[in-house]
Every structure is written in C-alpha cells, then in structure tokens.
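Let me begin by presenting the structure, written as structure tokens, before commenting on it.
Lettered A, B, C and D in written order, each chain numbered from 1.
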C-alpha cells in the first residue's frame, strides 16, 4: 500500500468476481434492465421494479431528439473528418452543457430550492413568489417552454408513468405548481418541457442535481453513436453539414405492435 | 431546400411528434427497456423480447469493470482538475480503443471471417487452421484469455443466456471452436473472455463489427459517469491518482433478492 | 445568403488569398514568429516586436512542466489505449481547468479587480485590504505559492524580460504588491508563481481573463503532443501509468550555446 | 521506486529547476521562439536558427484557414452550447484526422517511400512510376490539388523560404517531381498544396510521419481558440451554425509594415 492509496465505492474486482456496488455483475445480467443498472451505478442501490421501469422510460425519452441539436451536429462533423467512432461520440458529449441538456440540472436546482423553502402552505403561491423573484433578476424558469414542441408528448408520458407507478412526489408537485404559476403570470401556457419533466422525476428519485448532465449524457450517447455511424457509412467525407436542411428517410411512421 | 440538403434515417421530428426509426418516442417509453431502444437506434428495428433481454444483459456486463482500466483513470484524472462531468466522461470515451474494448471489434472480424470461410465441414478444423495462420503472422486471437479473469463469470452468463433465449448462432459456434482450438494448440485453456463473448453475440445479432466500439462505449459511459462523479464529490482536487493501489469501500458483497 | 448568415472577424478566405485578421498569411510567414501570430489571432492586431518577443517567451514558459500534471497523465493514459495522437492531445486539453492552469484566469481577475479599485494611493495597501477580504471569505490568492517551486525561475525570467522590454505595467505592479502583502500577513514568502506571472503579463498585454485558459492550452498542446507521441513509441500498450514514479532519461543537462 | 517505475525523455523537474530535453526552460525563454521550442519538444534537439525560422513560418501557415473547415465548425458548435473554452478546443482537435489535416502525414509517407526507393536515377521517372501505381490502386496522390486554392500562396512561400534558408532537400525534390509527374499524366496542373508543402518540409526536417498530425494540431489550436472565443463573445447560444454562409467582418485587408 503506497501513500497514494485510495478508495472507490463503485466497483470491486477480484479474480473471476466482478461486483458493482456490492452486486455480482454476472448475477445482475439477465435479471435487471440496463436502466436499473444505471440507477445502481449512479445511486448505489438497486431500484424497485417501478423505479427501474421509470428509469428505462426516462433514458428512452432522451435517446435522441433530431439531427439539429449541437451534440448530433458535433458528432456528424467530427465523424466526417475520418475520426474514430469514439472520438465522434466524445465531441457530441462535449456539447452537452448549460444550453443543451443543462436545463435538467437548472430545473432540478429550482425544484429543490422550492422544496427546501416550502413551509406547508400552497405550492402554487410559493411557485408564483419564486417566479416573481426570477423575473426581478431577469431570469427565466429553466425547464419550461419549447420553441418547437408546445405540447411535448414525452413530458406527458413521463408524468403519466410516474403517476401510475406511484413515484411522483414533491418534485412533480412543484413542477406543476411552476407550470400553473407561469400560465397565470404570462396569460398563456408555457408548459413543462422534457428537461423539466426529467428534472422533476430525478428530484423525486433523489438524484443530486449535478447528475442531471450525467443522466442526459448516458441516454444520448446512444443517439450520438447512431448519428456518427450513419455519417461514416452513408455520407461522403468532409461534406458541408447544414444544421437544419435535412429530412428523414428512414422507416415510415409505425406503431408498436 | 439548399444544395446542402441531406437525409438521416434515425430521428424524425415534427412539432409535438418525435420519432426514432419510425416509432414515436413517447410510445416507446415505458414499453421497451433502454437496451431494446439501443438496439432500435443502432440497428433500425425493434428487437424481439428475447433479443431485448439479451441486449440489456450485454450492456449490464460492460457497465464497469474496475478503477484500473484506462477509461476509468482518464475520467478520474480529468475530473480531478475541476472539469465538468461531461468533459470527464469524454476523456474516458476517448480511451476506448484498440487495446481497451477494441477486442470486441477485432474478435467480431475474426468470427465473421470464419463464418465467411466456413464450407460446411468442421468448425473446429477451420478454427485450428485460422489459429495456425494467425500464429504464422505472429498475431494472437482477439477475445481470448485474460490476465486476471481465468474463468470470467460474465462470459459464462452471456453464453448461457444466449443459449436459453435461443439466440446463439454461428458466432457462438465459431467462438467455441476457437476456444477449443486454442486449448489444443496451447495445451492449456485460454478461454473466451468477456470481449470475445460480446463479439460472438453481436455477430449473432447481426451487428456490423465497427459498432463493437459503440456498443462498449454506450455501456461504459455509465461507469465513467459514476467514476467522474465520485472523483468530484469524494476526492481532493489534483490528487495523484495511483492506477492500481485502490480498494473498494462501498456496500458489502450482497446478493440479488 | 440564407437566414443563417453569420460573420467572423478572424479569417477571410478567397481563392488563392488567405488572410488572418486582415493580413495575408503567406506575408506573415517568415516575417513573424508563431508567438506574434498567436497574439494576432487572439487579439486582432500584430504586436510590437517587444510584445512579440514576450509572447514567445510566455508560450515557451508553459510548453511543459513535467510528466506529473494531470494533462500529461491524461495524454499518456489515452495514448496507451491505442488512441490517435489527436485524441490523446484532446484528453490532455480537457484536463486544463480550474485547478490545472486555471490560476492564470483567476489571478487575472484578481489583478483586474485591484486595478479597477485602485484610486491612486498605495498598491500595497490595496493589496493588503483585498488579501484580508479573501481571508475573510476563506479564499486564497490565486497565482501565489507552489508546492515544489519556492523560487520559480520561470517567474523571475518572465518579469525580468517584461521589465527589460518595457511592458510591465499595472498588472505587474499589483502582482508585486500582492506578493509583498502576502509576505507581511503570513510572516513568510509566498512568491508569485508562474501562473501569477503569466496573469500579470496577460493583464498588461490587455488580454481578457477568459483567454487565460486559451493561452495555457495553446502553449501546452506541444508538450501534450510530445508526451502522447512518446507513449506511443516508447511504451507498451495498456501499461499501468504511475503518476509520480517516473524519472528523466533524456539528454543530460545542457546550456544554450 | 515501485514496480511501475517509468522514464520519459521530455521534461525533468527538480525544485526550482525545470528542463525540457535537457535545457532549462527559463534559459530558453526570450532566447528561442515558440517555433524553435516546438521543434525541441518534438525532436529532442534545438534547431539551427534557419530551421527555427522555417518552423515558425510553417506553424504560422497552419494557424487558421477559414470558418468552414470541420475543426473550426466543431469548435463553434461546442462553444455555442455553453462549453468551456478548452472543451471547445478539444472538439476541434478531435476533427483533425485523415480527411482534415491528414494529407500531411499521407504525403510524408509517399515522399519517404519515394526517397527510400530512389536509386540515383531520375526523380521524375520514379514519381511517374509511383503515380501510375497509385492510379492502378485507384488512389490519388495525397498533398496535391485543392478545390479552392489553385495556386496556394502559402505553398509558394513555404518552398521559397526553405530554398532561401538552405533547408530544401530530398522531400522537396520528390514533391516537385510528383507535381511535374501529375501535370504530365493529367495534362493540367494539379499543384502541390499546403499540406503537401508542409509534408515535404517535415520530411526534410526529419520528422517522423506520425507527427504530421501533431504539427497541424499544434498550429491550429490557436485558430480553434480564437474561433471558440469569438463564438462565446459574439454569438447567441445555440444558434444554428451554417457551414459556409458566413463572411468576414474583421479589419480590412492590410499589409505588413
């Protein structure tokens, strides 16, 4: 043992025995979904089946949202230069920041502040008060409104699932209070967006806010890999990549069986 | 439509309607696991429930394998400098290359070559022949043997699951033929390792070999996120990070309920 | 011209005519050093010969400072996995943050605040006052003191050169005032370190503080390239990289002719 | 000394004494340009003054070549998401690959092969023979021709300088032989481009070909830093970045005094 000895609470590795947070990885395989394993890796405990199912749904919600987000474009751009797949993915990961995916963490902090300040009165009143404070600081509430999706189906699905699975808690209550408060103060709906819904659920799952970025990154790496691979296999090297002038030419719209 | 117009077969986005490979993302949520969605994103079709279950198991198998692999150390190192979480993850992703995770792709190519050359005779003979060719080129068969894990429980679990789920095919047959051939030519066991088992299953799931790197990266990003977050929250900035002198101090060994 | 039309004040490119900030690149070649060109690229104007000479010296001062800094170790770690040279360099670049190289920007902000608050009295008194404020906030003055180098020869050389070249200004005056103030309040010397000296000079060259990171990165990329290349050519893949247990085996100590 | 002990031939660091390849860094400062220090770091020896001057010119030639190259666009894209400056630079660095900057290394290998095969006869004949071989393999000679710059002023300047400084050697001879051979076989000029000229000079400076990527990266990081900084300070977050529809609005065309 050197004077640089250190400890980690994540993996333990012995010959022919690999554990994650105390569980044998081979025992987890086939018995938990990847979403449940993500929860275990980040939080240190296995989720209930309900939480596991919500985790999978949350990850699926963030797997991709088009070829226009900067992370997808960064992955395409780097892939077009002859980069390796992992370098292309890394460039996409580097694009997940304050303005792209960052609303999850910001909204988690807002909701946690609201929960911390809540004194048992009306969530709606507290939300209105905090919205007024934000307005006085010329700030906008993170996690609400979207340029394109005025009624984001992912948001609705996330909250419905969380309600059905009995997971919705103070985070969801506060998110809905802010949504109502915004509608009242603006005179029009500025609905919770998918970042805000994920924030509410991550709060109710007791994730620390700084893992909002990790959550989004874990889900999105799959989309980035698909984009980078498509660039490598379908496009000519060094093409000029237009950020919006693209269209979908994959399988036609279809429904789950 | 500009002269830079391009197409993608992955996402299609309309106001309030987001689809992945033709399926509405909100419809996928809660009905498919993340492992199934990874398969859809990369391969373009939803997997059968059996393949979906195997995908989740394969991703779980690769979520982390210790604090010693260079991707974990790169993530710790970058995180220790005050980097953001996503920059730390990106550095880890950049470490997944030929010598770290790369045996998956290399072994896929070996197995695909064997399948391509197979003429209906004995897989064992073909494997022996190809091993002799590798030896003549002073190359080693990728995906076999491990410094630490002589009998990797993840390998066994992956192959057992694939057999049970009826997925094992030519990739697994050839992998086992190479394993047998190696034992015969070396006079001792040099067993299929976890990279080799993943390679065999990815071949049987009809993934192209260049997605071996993507598969490992997608799974491992979760472990990298956990390592980077731990560095940020448990360690002092700019500590000297010893590559091997660390021990586990997390939850005690435990079994799935 | 599309509705995405944008402008840049850095390069202008016509067939057979490439300009940087208005100057033809081929005309710059052979007539300015790279240090002068770095100044032009970042600041928009060519430096005087004196400033150009100082820029070269500042860049040389930061080209490398050992195999122990996390940026060097990250480059070695990624290179050891079979990564490309540029991916290895990128991992090193990702390590240049608040705790590694970041003292340049932090010290620039401190000196700029001092200059802004200076009302014509004694720099030493202002420095003492600001040091007391920092102490009350339990913060340390960035850019002062070093674990290893108590009398950093690079600092001395930078300040001597800047004095000789007539460039030292308010930044250097304030840096020296803080150095004196620290000695008085601590009862022992806590000298300006190389980050602090670079900060003082960058302030006197009128660089904005957020370019402190860029300056260090530009200089250090050379060292990172050398380290990554050495890893690829002299070391065995996937070796365990000890953060401190290394020694120098290059050319013996020698003097400039 | 642990069993992980290793050696490096680049930096040696003692308290208050930092050396690069045997020279004290503080002694180098003010006496060598950054271009000379780059040569020292990568090659291990100080260059002659002539070689140093050429190194600076070569680095200046590659500092930037517009907002359209993928490395610039990747840096802009990542910077637009709120990334740190070094993460934006890292994404640009990840774009320097086979198809972007990679012709330097490829052309170096071509020229080195020609030099190796040269038996004292006519360089022109050897070049014609090798061009015919490339054509038979349906490959193009790397380092020749450019979509936009038919008569690249940087190429001319690099070769003129190298001639004047007495540095041009076999690399330049062979590059010119290939240029002539291409004109003869095609019936039109396909001139040496800037990558090819850099390749010829790096060969004559005895750089190994795998450092072609490092050379370009070291020079270009400055341009990437300028682009990323401009994105952060002049543009609105998350704008859509058009790859070609941009124009220059910096200082008017001007000449060196």
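Basically, contacts are C-beta pairs under 8 Å (C-beta built on N, C-alpha and C of every residue); 3 or more make two chains touch, one makes a residue touch a chain.
These numbers come from a predicted model, not from an experiment.
Trainee: What is the graph distance from subunit B to subunit C, where chains are linked when they touch?
Mentor: Tracing touching chains, the least step count from subunit B to subunit C comes to 1.
Trainee: Pick the pair from B-D, B-C or C-D whose contact list overlaps the A-D contact list by over half.
Mentor: Copy of the A-D interface among the listed pairs: B-C.
Trainee: How big is the rotation relating subunit B to subunit D when the fit is done on Cα atoms? Please round to the nearest 5 degrees.
Mentor: That pair's rotation angle lands at 180 degrees.
Trainee: Relative to subunit C, which chain has the most distant C-alpha mean position?
Mentor: B
Trainee: So the centre of each chain is just the mean of its C-alpha atoms; given that, what is the distance between subunit A and subunit C in Å?
Mentor: Their C-alpha centroids are separated by 36 Å.
Trainee: Centre to centre, by mean C-alpha position, how many angstrom separate subunit A and subunit B?
Mentor: The answer is 23 Å.
Trainee: Which subunit A residues reach two or more other chains?
Mentor: Answer for subunit A, listing residues that touch two or more other chains: 2, 4, 68, 83-84, 86-87, 90-91, 94, 96-97, 240-244.
Trainee: Where on subunit B does subunit A make contact in their complex?
Mentor: 1-2, 4-13, 15-35, 37-38, 41-42, 44-46, 53, 55-61, 63-68, 84-87, 89-91, 93-94, 96-97, 148-154, 156-158, 161, 210-211, 213-214, 217-219, 221-223, 225-230, 232, 234-235, 239-242, 245-256
Trainee: Taking the complex as given, what residues does subunit C use to touch subunit B?
Mentor: 2, 68, 70-71, 73-74, 77-78, 80-83, 87-88, 90-91, 94-100, 102, 237-238, 240-244
Trainee: Quick one: in the complex, what on subunit A touches subunit C?
Mentor: Those in contact with subunit C are residues 4, 83-84, 86-87, 90, 243-244.
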